[in-house]
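Here chain A shows up in two complexes: once beside chain B, once beside chain C.
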Partner chain A sequence: MLTVCVSALLAGAAASALLGRRPAAAAAASLSGLALGCAAGLAAALGFAGPSAVDAAWPLPMGRLALSLDGLSSLFLFAVLAVCLAAGVYGEGYLRRSPGLAGSRSVRPLFLTLTAALAVVVCAGNAILFLFAWEVMALASFFLIMAEDEHAATRRAGLLYMVCTHTATLALFLLFALLARSTGTLDFAGIRAALPSGGRLPSAALALGFIGFGMKAGLAPLHIWLQEAHPAAPSHVSAVLSGVVIKVGIYGFMRLVWMLGAVPESWAWAFILAGAVSGVGGVLFALAQHDLKRLLAYHSVENIGIIALGLGLGCLGLSHRRVDLAVVGFSGAALHTLNHALFKSLLFLGSGVFAQELGTRDIEAGGGLLKRMPWTSAFSLVAAAAISGVPPFNGFISEWLVYMAAASARAPGEVGFGAAAVGALALIGGLALACFTKAYGALCLGQPRTEAARGARDPGPAMLVPMGALAAACVLIGLWPGPAVALAGRAAAVVCGVSPEAAARALAAPAAGAALIGRLGAGVLALAALLALWRSRLVVGRAAAGPTWGCGFPLTGAGAQYTASSFAQPLARAFAPVLATQAHAAAPAGYWPRAASYATHTPDRVLDGMLLPAGAGASFSLTWVKARLHSRLQYYMLLVSLCLLSLLFWKL
Partner chain B sequence: MDQISQLLLAFVVFLSLYLLGSSSLTGCVRILALQGACVGLLPLTIHEGGFQPRALLISVGVIVLKALVIPRILLHAIREVKIRHEVEPLVSFVSSLLLGALLIGVAFVLAERLPVPGGLVSNLLVPVSLATVMMGMLMMVSRVKAVTQVIGYLVFENGIYLFGLAISYELPWLIEMGVLLDVFVAVFVMGIVIHHISREFDSISTERLTSLSDKP
Partner chain C sequence: METLTAAAAFAAMALVVPHVLLGLVNKTKAAVGGRRGPPVLQTLYDVRKLLGKGAVYSTTTTWMFRLGPVVGLAATLAAATLVPLGAVPLVAFEGDAILFAYLFALARFVTVTAALDTGSSFEGMGSSREVAFSSLAEPALILTFASLAHQAGSLSLGGMFSPPTGVHSAASTVLAVGSLFIVLLAENSRLPVDDPNTHLELTMVHEVMVLDHGGPDLAFILHGAALKLTLMAVLLVRLVMPVVPGLGAWGTAALGLCGAAVAIGLVESTMARLRLVHVPQLLVASVCAAAFGLLLNLR
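This part shows the complex of A and B:
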């Protein structure tokens, strides 16, 4: 079934590339390839198709074409294919509606290639195949990010992404070379079986994995490409990038932990610390953004932080040999990965529609869209509630698992971890809620602030149906979390190296709690629906719909509304030392003030605050040295002799 | 024998220092010839086994090349380009002398830490060879005229030759011939280069070479 999945996707990619001149035929080819491939892959991932493993020789040294599905791969394959299917169907409608992309011949084949590469990455059983698919994935997503390369910002984002992804790949090459040297094989199962326990190898491998997988996942402070690349890409590509491409980094971490079998306690600390920094930092920087997709990109950093908290608690359980803590921690991370894939891709799909209708990604340009685009707004509301961790949606279920893991870290020496994780999670949850209240309120509530917002309309069913399906999945997992928790539990069982039954026993209490939350949520929703129905019966014929804010303020226009910036301002001020927001203000002056303006800009702390100045400094000093060197032959000789002398001193 | 080796080695270092502090080109070439002669005499005295006929042959070859042929070629080159003095060194003569003294100290520190096979009469040989190499480098780095750079290169070569004396009990013929041939070719090439620089640029200052670089 895996072979069918990958070959259908690749065949679709080839067909749509060959039919590039005829967009309708290319769309049909790519859709059918995508549908067939995803159907086969989803059937395999959910276990409907029986065991499906591929193992064939490959002429590359130490390489084998080995694909297999265990609990961990199944969960990630499911997330990959579900999100790619929804985003691909939506993408057809999106491409037709975007003037810059309608004539593009490369987006469809690249999208299918990316999907196939993602599927291979999460199923690969051999490091060479893994790295091969990893590079195909990185290149396909690079070209997709560069789809609208006429904009300078897009080219910058593409370059940044290229640098980051190759740094990550370099670290992974080193990682697998290290593992191969101590085990003599590049098959994952072989590495796991032959890896000597103890020594410094696990720490070195985790450090390299932290760079390689953390860069892909967007864990702070390696997140620098997310906030540039996600806004630059077409929206359905952003959905896949944020929904699943960064999740492949999480998959890599989990596969690495599976291979190592044991994790030093210091790395549990490192994950929890990185998770807390990513989570709180991500949501704070999201709070300061005006660009909708940039805001969502920072929320990806935040959610990767929550996942890393779960990973850290799981690693803590492994290092302390506490199976229950490890299983609950890793299940929380795995389930949050799945959930984030669903609601974040839904948010990006929604943001694409908003941006197309408004003509800009600036949330201040919206307003009142709930009345004009009811479906898109409703789906986005579901996703926003889910990402903020509000019950009864799916985001709360996975955060609940992470909370449970943190609460069960009670043994001496673990309390600090648990307390740090709980504190970070609570802060993240509150700030995320504030941030989505800001974004959603500015976009969808109130009165339209621009002409474009006044004329905005919902798109056709081709774009609404995939969004609806993702929203339904979010609600379904929230109300009936049993199957999803079980799926995550099987993935955690693989990572911890215990049987699925043992994992299910360890997960029994949190799962029961989650089920109760789901039932309560269903009850609340049913009650609300009943009350709404009752109300509509009572007020029928007696209620009149007026304009928004039409409550007796005749002179206030849309410009007098609360803006997103003003909503976020108290929080932004409280966290000003972290954010370092730059304000460009021209205050009104004189008795009859005319023009006044106020704009804020929050540069990224790591990229714009550290890396770019450091790079500019290095470049400047090297240019200076080069200019000096060019002037005289003697300087070259001096450098050569100094180099020789220092080598002599160093070696003696 | 011991005292003679020590004396010759001390003389080699002293001549290198003199080269660093001297501005007259013809004077420099004469000093270089003297240094070549000292270096050429060393194989006769340096080994514990005493005098050997083969060492005499090497000695004669080195003296002929380093003390007679090469200086003559250089003097000829200097006459050709009509230059007498190094007038604009990058590092002044006094500073060069001070730096040279510093380098001698560095060489002794390095030689302390360098593992050297036994069998030598003098324990001064390794530090002196290192000091000569470094002072040759310093000359190449700090002088502008092509002729002084060639002289620096030859001092450098003398240092390498001394080091070769130190590391092998008896220099195998092949290595020895290789060293001599290397020097000979280098001087020829440099002589030709000097000649061409002088003809193209009306000067033998290597500073003018920068007009060949990719920067304006």
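This part shows the complex of A and C:
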């Protein structure tokens, strides 16, 4: 079934590339390839298709074409294919509606190649195949980000992505070289069986994995490419980038932990610290953004932080040999990965429609879209509530699992980890709610602020149906979490190296709690429906319409509404030392002021605040040295002799 | 029989007790101010009157505006099922404390989106303050829960808030009580964070978010707010009060709630509202108290 999945996707890619001149035929070829491939892959991931391992020789040294599905791969394959299917179907409608992309011949084949590469990455059983698919994935997503390369910002984002992804690949090459040197094989199962326990190897491997996988996942402070690349890409590609490409980094971590079998306690600390920094930092920087897709990109950093908190608690359980803690922690991380894939891709798909209708990604240009685009706005509301972590949606279930893992870290020497994770999660939860009420309120509620917002309309069903399916999945997992928790439990069982039955036993109490939460959530919805029914009885014939009460103030037009920046101002002020927001103000002057403006801009702390200045400084000083060297021969000879002398002393 | 008692207790807590509590707070404020004050059940009469009225819906609003009050009240009622009033709560499971905090987040989410749906700048202002303050109050609440959960060995409200056998003197409990009290005042828009009696929209937080709601919608919102105050007061009472001999669990709870009402009323009578920029400092202080209490527990 895996072979069918990958070959159908690749055949679709080839066919849509060959038919590139005729967009209708290319669309049909790519859609049928995508549908067939995803159907086969989803059937395999959910276990309907029986065992589906592939193992064939490959003429590359130490390489084998080995694909297999265990609990961990199944969960990620499910997330990859579900999101890619929804985004691909939506993408057809999106391409038709974008003037810059409608004639593109490369987007469809690249999208299918990306899907196939993602499927191979999460099922690969051999490091060479893994790295090969990883590079195909990186290059396909690079070309997809660059789809609209007529914009300078897109080219800049593409270059940054290229640099980051290859830094990550370099670290992964080193990682697998290290593992191969001490085990003599590049098969994942072989590495796991032959790895000597103890020593410095696990720490070195985890450090390299932290760079390689953390850069891909967008864990702070390695997140620098996300907030540039996600806005630059076409929206259905952003959905896949944020929904699944960064999750492959999480998969890599989990597979690495599975191979190592044991994790030093210090790395549990590292994950929890990185998770807390990513989570809180990501949501704070999201609060300060006006660009919808940039805001969503920072929320990916935040959610990767939540996942890293779960991973850290799981690693703590492994290092302390507490199977229950490890299973609950890894299950929380795995389930949040799946949930984030669903609601974040839904948010990006929605953002694509909003940006097309408004002609800009600036949320301040929206307003009142819930009236004008009822379906897109309603689906985005589900996603916004889910990512804010409120019940009865899926985001709460996985955050609650991470809370449960933190609460079960009770033994002395563990509670510190749990307390740190609980504090970070609580702060993230409140701030995420603030950020999404801000973005949703500015875009979809109130009165339209621009002409474009006044004339905005929903797209056709081809784009609405995928969004509706993702929204339904978010609600379904929130109300009936059993199957999703079980899926996450099987993934956690693989990472912890215990049998699925043992993992299910360790997860029994949290799973029962999650089921109760689902039932209470359904109760809340039913009660709200009853109250609404009662209200409609009470006010029947007595409900009148009128303008919004302006507190006696006559100027109540669209321009007098609270903006997103004003909405975020109290929190931006409270966290000003972290954000370092730059304000550009032109105050009204004179007795009859005409023009005044105020704009804020929050650059990234790591990229714009540290890396770019450091790079500019290095470039400046080296240019200075170069200019001196080439001015006189004597300087050059001095340098050569200094080099030789230092080499001599080093060898002495 | 036990189920019947529990159901009756829940109905009383959900319907009447919140208004008695508010009435006692108002009576206390009146007594300190030298007035006679409104009847104890005045807010219940208000709610009944509002239920009989019609409603005016702004033409700017959508179904989001009508969703707010009903989901808000439904979420608060669901939170009430998790709280132990006299004996055990209706629903209890390991981890229900987190659900309790997040059900309030759901109520906040729909209240804020309903307020933004009106397009009024005043309601936007109130929503902005509400989310800013509660994103700091939420860590304080959850860290307090974590500290109590560590003491009790369980993350269920029933276990964490089982009545103490004697008067607690442990420093961590004192910190938890202090932190919980500040969260109670902030989350329920009481002084010194928000003035429930203010008449100037520019200074309001919670009241200004519901300016456009009227009739049954306002009745749901007022009842939900009273219920939320009661739920948090019940938790505070369970934390401080040992079972008074001769009164039993129910009598102790009733006595404790009266005490909580008097305490809130005294705070409101003796304090002025803080400047808005100083409210986050108060909330951060409460987060610090909660975190310090947790640290003391971790020794």
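The criterion applied here is as follows: the second predicted complex is superposed on the first by the 628 of 652 C-alpha atoms of A that agree within 3 Å, B and C clash if a C-alpha of one lies under 4 Å from a C-alpha of the other, contacts with A are read in each partner's own complex, and residues count from 1 in each chain.
FYI, a contact is a pair of C-beta atoms (placed from the backbone, for glycine too) under 8 Å apart; a residue touches a chain by one contact, two chains touch by 3 or more.
Fair warning: this is a prediction, and the values are worked out from it, not measured in the lab.
Asker: Is A:21 touching anything from chain B or chain C once the two structures are fitted on A? First, second, both or neither.
Answerer: A:21 contacts neither chain B nor chain C.
Asker: Once the two complexes are aligned on chain A, which partner has more residues of chain A within touching range, chain B or chain C?
Answerer: Greater contact footprint in residues on chain A: C.
Asker: Regarding the shared-chain residue A:549, is it in contact with chain B (first), chain C (second), both, or neither?
Answerer: Only chain C; A:549 stays clear of chain B.
Asker: Just to be sure I read the superposition right, which of the two partners does A:570 touch: chain B = first, chain C = second, or both, or neither?
Answerer: second
Asker: Just to be sure I read the superposition right, which of the two partners does A:627 touch: chain B = first, chain C = second, or both, or neither?
Answerer: The answer is first: A:627 touches chain B but not chain C.
Asker: With both complexes superposed on chain A, which partner does A:652 reach: first (chain B), second (chain C), both or neither?
Answerer: Only chain B is touched by A:652; chain C is not.
Asker: Just chain B (first), just chain C (second), both, or neither: which does A:524 touch?
Answerer: second
Asker: Where on chain C does chain A make contact in their complex?
Answerer: Those residues of chain C that touch chain A are 51-62, 64, 66-67, 69-71, 73-75, 77-78, 81, 91, 93-96, 98-99, 101-103, 105-106, 108-109, 112-113, 116-125, 127-129, 131-132, 134-139, 141-143, 146, 149-150, 153, 155, 201, 211-212, 215-217, 220, 276-277, 280, 291, 294-295, 298.
Asker: Going by the contact rule at the top, pick out the chain A residues touching chain C in the complex.
Answerer: Counting only chain A, the residues touching chain C are 367-368, 370-371, 381, 385, 388-392, 396, 400, 403-404, 406-407, 410, 415-416, 418-419, 422-423, 425-427, 429-431, 433-434, 437-438, 440-441, 445-447, 509-510, 512-513, 516-517, 520, 523-525, 527-529, 531-532, 534-535, 538-539, 541-551, 556, 558, 560-562, 566-571, 573-574.
Asker: What part of chain B is in contact with chain A in the complex they form?
Answerer: So the residues of chain B touching chain A come out as 90, 106, 110, 113-114, 134, 137-138, 140-144, 206-207, 209-210, 213-215.
Asker: What residues of chain A sit close enough to touch chain B in their complex?
Answerer: 627, 630-634, 637-638, 641, 645, 648-649, 652
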